[in-house]
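As structure tokens, here come the structures.
In what comes next, subunit A is part of two complexes: it sits with subunit B in the first one and with subunit C in the second one.
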Partner chain A sequence: MSKRIVVDPVTRIEGHLRVEAEIENGRITEAYSSGTMVRLLEEILRGRDPRDAWAFVGRVCGVCTSVHSLTSVRCVEDALGINIPPNAEWVRNIMFCTQYLHDHVVHFYHLHAMDWVDVVNALKADPKKTSELAQSISPWPKSSPGYFSDLQKRIGKFVESGQLGIFANGYWGHPAYKLPAEVNLIGLAHYLEALEWQKEIVKVHAIFGGKNPHPNYLVGGMACSISVDDVSGINAERLAHVKQLLDQAKVFVEQVYIPDLMAIASFYKDWGSIGGGLGNFMVYGDLGENGYKDEKSYKFPSGVILDKDISKVHEVDLRKDDEIQEFISHSWYEYKDGDKVGLHPWKGESKVKYSGPKPPFDYLDTTQKYSYLKTPRWNGHAMEVGPLARVLVGYARGRQDYQEVVNKTLKDLDIPVTALFSTLGRTAARGLETILVGQWAMEFYDKLINSIKSGDTRMADTSKFDPSTWPSKAVGVGHSEAPRGALAHWINIDDGKIANYQLVVPTTWNASPRDGNGKLSAYEAALIDTPVADINQPVEILRTIHSFDPCLACAVHLYDENGKHINRISILGD
Partner chain B sequence: MPTPIKEAPTYYDEVRRKGYSRREFMQFCTMLAAYMGLSQAGIAQIAKAMQQKTRLPVIWLHFQECTCCSESFIRSSHPMVADILLDQISLDYTETLMAASGFQAEEAMKNTMTKYKGEYILCVEGSVPTDADGVYCMIGGKTSLQILEEAAEGAKAIIAWGSCASNGCVQAAKPNPTSATPIHKLVHGKPVIKVPGCPPIGEVMAGVIVHVVTFGKIPELDGMGRPKAFYSKRVHDTCYRRPYYDAGLYVESFDDENAKKGYCLYKVGCKGPSTYNACGVTKWNNGTSFPIQSGHGCFGCSEANFWDNGRIYERASAFPGFGIESTADTVGKIALGVTAGAIGAHAIMTNIRKHKMITDLEKEGRKSEQDLENT
Partner chain C sequence: MKAAHSILVLGIGNYLMADEGVGVHIAEALSMETLPPGVDVLDGGTGGFHLLEYLQSYSTIIMIDATLDNKPPGTIRLIKPRFAADFPRAMSTHDIGLKDLVGALQLLGSAPDIQLYVISIPSIQEQGVELTPIIKRKIPALLDLIRQHIHRILVDNNAVPVIA
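After this line comes the complex of A and B, so read on.
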């Protein structure tokens, strides 16, 4: 007999996600993922200045902050034929790497770790043994028995106060938690240390973009002029600060994040065969060694893998009309030509039409429409995007740097390559690419220094900044590899104004509802067959969902082709 | 007027109020110590903790937002957020960080609403869509409007984090398709502290929380409901590039020679002259920089309806001449309302100022010469 359970809100994510699942004999047989908040930013963008778009779409998300702004300026530059100076490429890439270093570490410790680490159990750890263990896996200096003992006392006092704050009502003591108390204590210590460290690395964004979250970008380059002889520009002091922050980040990733990831993973190897899901992976690519336009030089190569077949990588074309399309069979929207057609983003249209139950409600009717997310498809296939996709495509393309980190990890954990197609594989892939990004950040920093040394101090090309220089009509597409996966924006410009702006974002690929053929998207597919020991404490659902690092504010957006005020919902009346 | 916050009862106060004796309380502590595997000494420790002041209970709701406010809050350097969470407040509900999900998360919120009725602080990140009966934002099968009404009822005070909760921000930009509504328009009879910005500066957010915890009352607010400490000065009046504005030296286009010299960004769209925020003083990310220092104009993200107050790279109409003594209460949006002739008027003002400055310098110079001669 199956039982329907609801997890809403799914916490430790960005945005509002609801999961409903059917459970039979302790396993998930059906799963439904629903985005329950919408802001309609594309509607708001119409008629505005394309040069301002980066600021609006930057506000799509403050967690993956900067990636939408970056994608937007690339999109507008593509439409207007603007080439940015090399220095701007390197600065954008350094900021991009910074975002990864921040985002992935914060995801691991603050959004994902509590699915694996039992915080309350850490109080039972022996500080001396914890110290020995910590020193055996990493040279990180904060590892003395006294350090762990002091921390334990502090947390003990916190727990004794009876006010558990953010730790209240967790699934503590659940049999699915497998770590020894000492590993839990290390995890908890580094939860707090990572919270302290994460505010440092983002200073790179403040230096180049003025602030974080939401650093500033500029169509044509970056606004932070290089002026080695002025206190207001990017000078030796600013650059030294950037280098120090990147160096510290590399150390934190290599001495804290990765050893913890490996230690924790070694106790959860069974999750190497759970949560695999689709087996289709897609990457748009990013981080060009010769700049964004030279796709062959991408550190993150693009490509598609189908059915877990890593012997063949297919090419992706964002401009081709019938390749990437969005469907709305199970989404609270309507299309002019009905629910069966799919539309390429340049022709994207839709109109919100909520047809779900009237709140407050207990369950969604998942046989009908059940999400504010649309359902994107690549040549009709559902795709998983994100760290696992990037690592697999890099690996499948035979790139040495990827093969080194992947093979070492498989060997250290003593697991087969097939274990990558799993919840554990997804979480591990995020760590592995963070190692690579930490190294690449320094390469782009060196490129910036060498460029300035050679006498090139250009940071923006403003020759086409004035709208009077633009053609009357233009279309563009910009892409990036956001931390959560392949991201692209499409724009239509008419008479200097935005006529249409469409975003297809990573979490839309991963968290969307099933399509008209009943084909599941990544979250739903990954949840099928997941064991759930206690339906009142479905920590297993959180493990798999969190392994994707959901970002729902990004995933939900809408454009109304008629430009009408689209707030009238027939089912509810006015 | 600042509202004093009554101290929440300790656990010990609670059990005594319910009629249990001191002896029964100590028995409970012994049991708890045994359960936690602590020694005899642990009992006294527990008893002490139970009688200690409770940390300020906080419920933090997320509606139509992008989580940049939560992200900014954890960027705070002083105090650091771990210290706030462990020592100063009890953050009993926040979808971004809390361990619990689903009904356990909702239960945590309900517990605080019941146990600390009238004592907890309600923080709201995001606007509330009121259109279509609120279906554009639903959590746990309820609309954000329903959740806000329930949570606000027993709150001591409400903090509206960021521009979304303070003025609607990006989703409320024209045509505001979901009728995104700021919190003060929906909640009545409770003090609402607006902390605008997209996002607000991390240290400012922590500063507001710490003010409430340290002084036991909400900070003094201006006429628009913002803490005076952080929103009483224009970015323009605290900008280190202000002398270039006064001298009429401007960046003409991005990355030009003047940009490299760090001149004023007014002509490339800086809205610092009409924006009230602490960016020029507190700066961002522990004082690392702020938008103007990194070469981009301020686009006024802490001002109401800033997305519709002119394009980002459009020169704002200025109101030269009003000084630091003007506050948002008196000036409001006048600055952006005046258009034609503003730059001309400024040039005149600048010339007057320059003339005065030169005269002053000459006087000062003559005095120095006299002093030299006299020695």
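After this line comes the complex of A and C, so read on.
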């Protein structure tokens, strides 16, 4: 006999995601992932000036704002045949690395850690033992017994006042929490430190992008000017500030994030065989050492791995009509040619047609359409995108930097390479690529400085900025590796205006409904076989879903039809 | 350093979601005006965690946001949330990051005085970058409320002479 449980919305994510799962004998046997808000960004962009698209897509959400803007200017530059100067490449890459450092740390501590760290239990920790433990895993200076004891008192008062605040939604005391109180206290301390730290690193965006949140981009380059002596431009003082922020970030990642990740992971090794899911992984690639157009020089190499076979990496082509396609057999959309066809984004359509149950309802009819997300496929295959995909493709391509960090982690945790295909592997991969990105950020910073020193101050190529220089029709595609995974925008330009604009975002790959052949997408596949100890407190579901770092704000967009944003878990039927 | 009477007018919301972006429209309008010294305006967009620095840098935050609370569209209310839980429940798509931030600021012991103006928007709304007429009509009144609020704070802090 199975029970169906509903988690809606899944808490601590941006945007709106609903998960329905069938549970039998304490394990998930069926899972359905539904985006519950409709997205109409494509409609907002139609008819607008392509040079403005970055500003609109940058507003999609507050987490990946700049990476959408970056992808947008790349797709317009592709359509119009614009080559950007090297300085703009390096500035874009530094901002991109900055976003990773910020995003992955915030994800770990503020969106995911509470699935593993029991905050209330941290109050029982012995500050002296906590200090000893902290000092044994990291040289990070904030680790005295007094520091942990003060923190405990402060949090204790907060909890006693009945105002749990950020921690109000946790399943504290749940048997699935396995950490000793001292590890919980370290996790809590660093939750707060990470919060203070994250506000520093984002200043890089304000320095190069003029403002933050929602920094400025420019078709043809970047909108900042380099002038070593000028007070208003990117001068020597600002460049030194960037370096200082990147240095601090590297230290924080290496001395706080990674030691915590490893300490926590060592108590949850069983999650190295849970939540593996599809076993298909896709990366578009990014961070070219010689610029975006030289794909061979990507720090994040592109490629596809099928069925966990890391001995073979397949190539990806975003332009081929039959390679990447979006299907709607379980999505609340309609295509001119019906529900059975798949469309390449250059021919993409975004006509919404809700056919689900009238709210309020208990559960979705998952035999029919059940999500506002379309179902993207690569050559017909469902794909997982994100940190695990990137780390596996880099590893499978024999890249030494990837192999070093991966092999060290497997050795330190004493787990086999197959443990990477799991919830734990996904969360670990995010940390491992953050180490790499912290190193790469410095390389791109040095490239920028060397370029400026050589006398090159060009930041944009505006020779094709004027629409009179454009062809009457043009198509383009731009891609990037957003923190959450492969992201691409496709544009059709007619007479200087946007005729069609399609975004296929990472969370659409991961969170989409099954396809017309009944093949599950990444979230649904990863939930199958996940144990659920207490159906009233399905923290295990959150662990696996959060390991993907869901960001539904861009995958699906706009409001819940009912205006209901209540966190709830309902248990339906028998 | 925190000035004694530093005020940030912070408009938040999603500009792509019509009325949901009313806070951004307010920030845009106010940024065109000359405001007293010590008063800044920020279009916070869907900034979430990116806004922490700003929340810690001012003694008072006058925040403007839309809410879906089933009150008549255009209803303006002033809320003084002390804790994350005091925020209206249905604060659109950016609520998670923002509520978490306020909760976190409490923990850090550096929460500013937040004065939150919420505007009730219809539960079913148009999409796009334009406000619906019913919300658009409320903009001048809301701007007035904010200007008066700023003035009151400055008077209380003896930062401006009282106008009889």
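For the reader, a short list of remarks on this structure follows.
Definition applied: the second predicted complex is superposed on the first by the 553 of 574 C-alpha atoms of A that agree within 3 Å, B and C clash if a C-alpha of one lies under 4 Å from a C-alpha of the other, contacts with A are read in each partner's own complex, and residues count from 1 in each chain.
The definition used in the following text is that a contact is a pair of C-beta atoms (placed from the backbone, for glycine too) under 8 Å apart; a residue touches a chain by one contact, two chains touch by 3 or more.
Everything quoted here is computed from the prediction, not taken from an experiment.
With subunit A as the common reference, subunit B cannot sit beside subunit C without a clash. When the two complexes are overlaid on their common chain A, residue A:H110 makes contact with subunit B and with subunit C alike. In the superposition on chain A, no contact is made by A:L239 with either subunit B or subunit C.
In the superposition on chain A, no contact is made by A:V251 with either subunit B or subunit C. When the shared chain is aligned, no partner comes close enough to touch A:V341: not subunit B, not subunit C. By the document's definition of touching, both partners, subunit B and subunit C, reach A:L40. When the two complexes are overlaid on their common chain A, residue A:A223 makes contact with subunit B while staying clear of subunit C. One of subunit B and subunit C touches more residues of subunit A, and that partner is B.
Common to the subunit B and subunit C interfaces on subunit A are residues 11-16, 37, 40-41, 43-44, 56, 59-63, 65, 110, 154-155, 158, 163, 165-168, 192, 195-196, 198-199, 202-203, 212-214, 553, 565-566.
For subunit A in complex with subunit C, the residues that touch the partner chain are 11-16, 37, 40-41, 43-44, 56, 59-63, 65, 102, 106, 110, 154-155, 158, 163, 165-168, 192, 195-196, 198-199, 202-203, 212-214, 553, 557-559, 561-566. The residues of subunit A lying in touch with subunit B in their complex are 6-16, 36-41, 43-44, 48-49, 51-52, 55-56, 59-63, 65, 110, 114, 119, 123-124, 154-155, 157-171, 192, 195-196, 198-199, 202-203, 205-214, 216, 218, 220-227, 230-233, 241, 352, 354, 356-362, 457-460, 462, 465, 537-538, 542, 553, 560, 565-569, 572.
Across the complex, subunit A is touched by residues 14-17, 20, 43-53, 56, 68, 70, 83-85, 89-97, 99-100, 102-104, 106-109, 123-125, 127-129 of subunit C. Subunit B meets subunit A in the complex at residues 11, 32, 36-37, 45-46, 49-50, 52, 54-55, 57, 62-72, 74-77, 80-82, 85-86, 89-92, 94-102, 104-108, 111, 129, 131-144, 146, 169-171, 173-180, 198-199, 202, 241, 253-256, 259-262, 279, 284-286, 288-296, 299, 301, 307, 311-313.
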